[in-house]
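Naming follows writing order (A, B and C), and every chain is counted from residue 1.
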Amino acid sequence: MTRYMSLYFTRIGFSVATALIGVFFALPLVWFIFAPFNPRAELGLAIPDPFSLSNFETVFQNTFALRGLWNSLLQSVGGVVLVGGGATLASYALSRSPIPGKHIITYILLLFSSVVAGSAAMVPIFLIINGMGLIDTHIAVIMVFAGGLLPTAMFILRDFIDGIPRSYEESAMVAGASPVQAFFDVALPVIRPGVVVVVVWAFVNIWGSFLIPFILLRSSEKMPASVAIYSFYSEAGTPIVTLLAAYSLIYSLPVIALYLFVSWKFGFRFFGGIKA
Amino acid sequence: MASVSFDSVTKRFGDFTAVSNLGITIGDGEFVCLLGPSGCGKTTTLRMIAGLETPSAGRVMIGERDVTFMHPKDRKISMVFQDYALYPHMNLADNIAYPLKVRGESQEKRHARAREVADILKIGQLLERMPSQISGGQQQRTSLARALVYPSDVYLFDEPLSNLDAKLRLEARGFLNHLQRDLGMTAVYVTHDQAEAMALATRIAVMDAGIVVQYAPPLEVYRRPATTFVANFVGNPPMNLLPVEAMISDGALHLKAVGLATAPLRVTRAAAKALESGKSLTLGVRPEHLSLASGGEENTIAGQLFANENMGPEALVTLEREDAARFTARIFTDEMVALEGRVTLGFSSDHIHLFDERGLRLPLDHEED
Amino acid sequence: MRQFSLLSRTAGAAFMTPAGVLIGAFVIAPFFWVIYVSFTNRTLLGRTALNPEFVGLANYISLFDAGSFFTRGEFGFSLILTVQFVLFSALIGQAVLGMLLAWMLQSVPKSLKRLTEMVVIAAWILPEVVIAFAWFAFLDYDDGTLNMIMDALGLPRGDWLLSFPFWVIVVFNTWRGTAFSMMLFNSAFSSIPPSYFQAADVAGASSWQKFRDIGLPLIRGHVVTDLILITMWTFNVFTPFLLTAGGPSYRTEILPIYTYRVAFRDFEFGKGAAVGVIVMLINLVFALFYLWVARKRTAKVVA
């Protein structure tokens, strides 16, 4: 009886504590749920009256805001293509070909990518991009993202491919397929779920990033949403709250959608391990 | 169809020798089983025929073609994999027809042929399903269908039944036997299940530690196992093997061991030669050649009853001698065998096997030429 | 000896090339390039932009100048601030809160579990500029949600970003990053066979005893992994810049922001590179330690 009671109280205590921590995490976001729909939104928390989509209309009339989203899309898709394509080919080679030292290669690349990180890496990267004459170009942003994300992507994907029986390709070759046919007919479709995960991960990373485009781009018409959003401040530095709130929500939607997609398709723990 | 031959083939993985100086030939239309425990080199041998491994030395021939270094796709072979390797993104029809697709057959022809083969294998109604939607037994047949969909010189099987449960395995085995009778294909079949090998093969190559220790028709392997390893591996329960002390006196061979009483045997040339260097031999008697006997007779072995397992059509009676060695008899009876205490098992001189100190078979007098 | 493989060595090398070029150009080359630049007086504009001069250890010496080392806005101040930032926001904030959540989530109702996980993960996956803006609104003196709550509780309002900027970014980073630790520990806990805990339940163990005697010892490896990873990430995190821009008066200028200011505001690339080299060396130590731990762990699993 007493043990049952103590278990019961533990459960209640834990539930209350969990709920409190949950509230701590929710609070800074509550404002963000209401403000986009409030045509008179300010920094204060207020239930919109009336509920309105007029903020979104303003955003969609703002060519600069739209171009920011378009640029984000362009850079993310470009980066994702390079990361997805490059990582698929490279990790397939690391898994299936007899390249000497292939096990150590992945670790060394991973080591480099975690060392060359953050703003410390931006100094030489800026100079290299500058030297290539690619400052203020989309391709610079895309390539820098791709280079930085590829080692981790390769690591995840190689693990995935290692777990796939070689008998798929072997049976294809015995059946008469060339290595290229076996790769495209059999291997690629089978490793597609792994590629999807890597692609989603890369997309979310690039889509949300601020520092790299902020440093490598100059002209406002090339800025992705993460940087363009800072133009929604008045001359005095005060934010145009209505516009910012609606824009933030639109800008967040792809990330939320992809998160829901991945947690629906693969369960959310899998996603947990691979961000950052 | 074609024959397959190995010409002193050796395969090393680093320091490990998986297959050593292999020299067998698989005749046209033969169904050869490579039998042995895991790690004996049987799968490596099969994969060298497929081209999925390359020999470290020697040559592999299919028919008149030297295929030693030929890519798998050019070998005109089919293979059924242990895990079936069905492509999860293709339905059964596309899976079965894949070999035709890479050969550039039209979609129409491919599917017609896939249906034909699927009907033979009784999976014709499943062609639209995905591999994940069918049972293990059906997956096994699908992989078989994919191997049979086009004419090959050699058909390779890598433990194709080992992922099935016991009942399905018997059914699939019978089906394979039936198929072989129909098609008369040249087949190489890897298994660690001696019953499978006995049931299917026209010849069995028993392998141990990378070496073929016996290559003979199933009944020959059963009746005259070349080594104690083969004797122990083929047959269920395995042959009883007993170290004995042998000596020649009065022109006859006498065997001595605790609890054992044998009639004197004729001295064969091989036995005489084996006994020049020592006097220990191994006596082997299959469980099915033992019967209940009374004490004091010749050709008997006695010990304490250890286990008495009644299986329905037969009973396994195991006795344990003073030195803890056990002897099992397979008694064919559907009656309960009532036994207690000391048990004596009898055998006939015609059904014993003798092996020398190295475990090699000594021919008995009726076998010697 | 010719050897069969699914992908020949040549094809393998070709497959590696696209990724290899990108990684080589934008990960490996920068690593060595920054070391070179740190020994020059390279700037963005002017004479030294085209023809930087070799200045030896001058950049490093200026960083470690004893007179101003600990002054606000200088390298030493920033370094110490960063260490405190990592200690409070990652090692104490994220790891402890993540562990607490992961443990409690094992025994709370399913719906509460899902809801809590959702908000914690939302804090983590939303784009950093959006999060920074949400916090900017949250902390606003006049209208912010936080001061509204303070009012409701009868507590004094605060101008948080001005009065406690360091603690704001500590709490902010804890809030932002706890999800990773929570998920890592969560999956670690759920990989423990439930029978272990049931056996302890039968023996009458309290939740704390179960945590101390079974849960924690069994996920020790995950804890080490987590601590190293969040330390590395927090050490390099740039997001607080979006909330405070390093201010007021350098009080939140952690190393990533300091590096950014020196290199891209003051355009002293040489000095910025020197900071970069030091940061990367610290990263290298963490990364090597991590690989060493990871290797030891896999070795143990194999054995």
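We take it that a contact is a pair of C-beta atoms (placed from the backbone, for glycine too) under 8 Å apart; a residue touches a chain by one contact, two chains touch by 3 or more.
Quick caveat: nothing in here was measured; it's all calculated off a predicted structure.
A.B. asks: Treating touching as the only link between chains, describe the layout with one word: line, ring, star, complete or other.
C.D. replies: complete
A.B. asks: For this structure, which two chains have more C-beta pairs in contact than any other pair?
C.D. replies: A-C
A.B. asks: Compute per-chain Cα centres, compare each with the mean of all protein Cα atoms, and return the closest chain.
C.D. replies: It is chain A that sits nearest the middle.
A.B. asks: Which integer distance in Å separates the CA centroid of subunit A from that of subunit C?
C.D. replies: Between these chains, centre-to-centre, one finds 16 Å.
A.B. asks: Return the distance between the CA-based centres of subunit A and subunit B, expressed in whole Å.
C.D. replies: So the centre of subunit A lies 55 Å away from the centre of subunit B.
A.B. asks: Centroid of subunit B to centroid of subunit C, CA atoms only: how many Å?
C.D. replies: 60
A.B. asks: What are the residue numbers in subunit A that touch two or more other chains?
C.D. replies: Correct list: 170, 173.
A.B. asks: For subunit B, what residues touch not just one other chain but two or more?
C.D. replies: Counting only residues that touch two or more other chains, subunit B contributes 51-52, 71-72.
A.B. asks: Multi-chain contacts only, two chains or more: what residues does subunit C have there?
C.D. replies: 3
A.B. asks: For the complex, give me every residue of subunit B touching subunit C.
C.D. replies: 51-54, 56, 69, 71-72
A.B. asks: Per the contact definition, I'd like the list of subunit C residues that touch subunit A in the complex.
C.D. replies: Counting only subunit C, the residues touching subunit A are 3, 5-9, 11-13, 15-16, 18-20, 22-23, 25-31, 33-34, 37, 42, 97, 100-101, 104-105, 107-109, 112-113, 115-117, 119-131, 133-138, 140, 142-146, 148-149, 175, 178-180, 183-184, 186-187, 201, 204, 206-207, 229, 232-233, 235-239, 242, 255-257, 259-260, 263-264, 269, 272-273, 275-276, 279-280, 283-284, 286-288, 290-291.
A.B. asks: Which residues of subunit C touch subunit B once you look at their complex with the stated criterion?
C.D. replies: 1-4
A.B. asks: In their complex, what parts of subunit A are in touch with subunit C?
C.D. replies: Where subunit A meets subunit C, its residues are 3, 6-7, 10-11, 14-15, 17-19, 21-22, 24-32, 35, 42-45, 82, 85-87, 89-90, 92-94, 96-99, 107, 109-128, 143-144, 146-148, 150-151, 154, 166, 169-170, 173, 179, 182-183, 204, 207-211, 215, 225-226, 229-230, 239, 241, 244, 248, 251-252, 255-256, 259, 268-269, 272-273, 275-276.
A.B. asks: Applying the document's contact rule, which stretches of subunit A touch subunit B when the two form their complex?
C.D. replies: Listed in rising order, the residues are 165, 167-168, 170-178, 181, 185-186, 189-190, 192.
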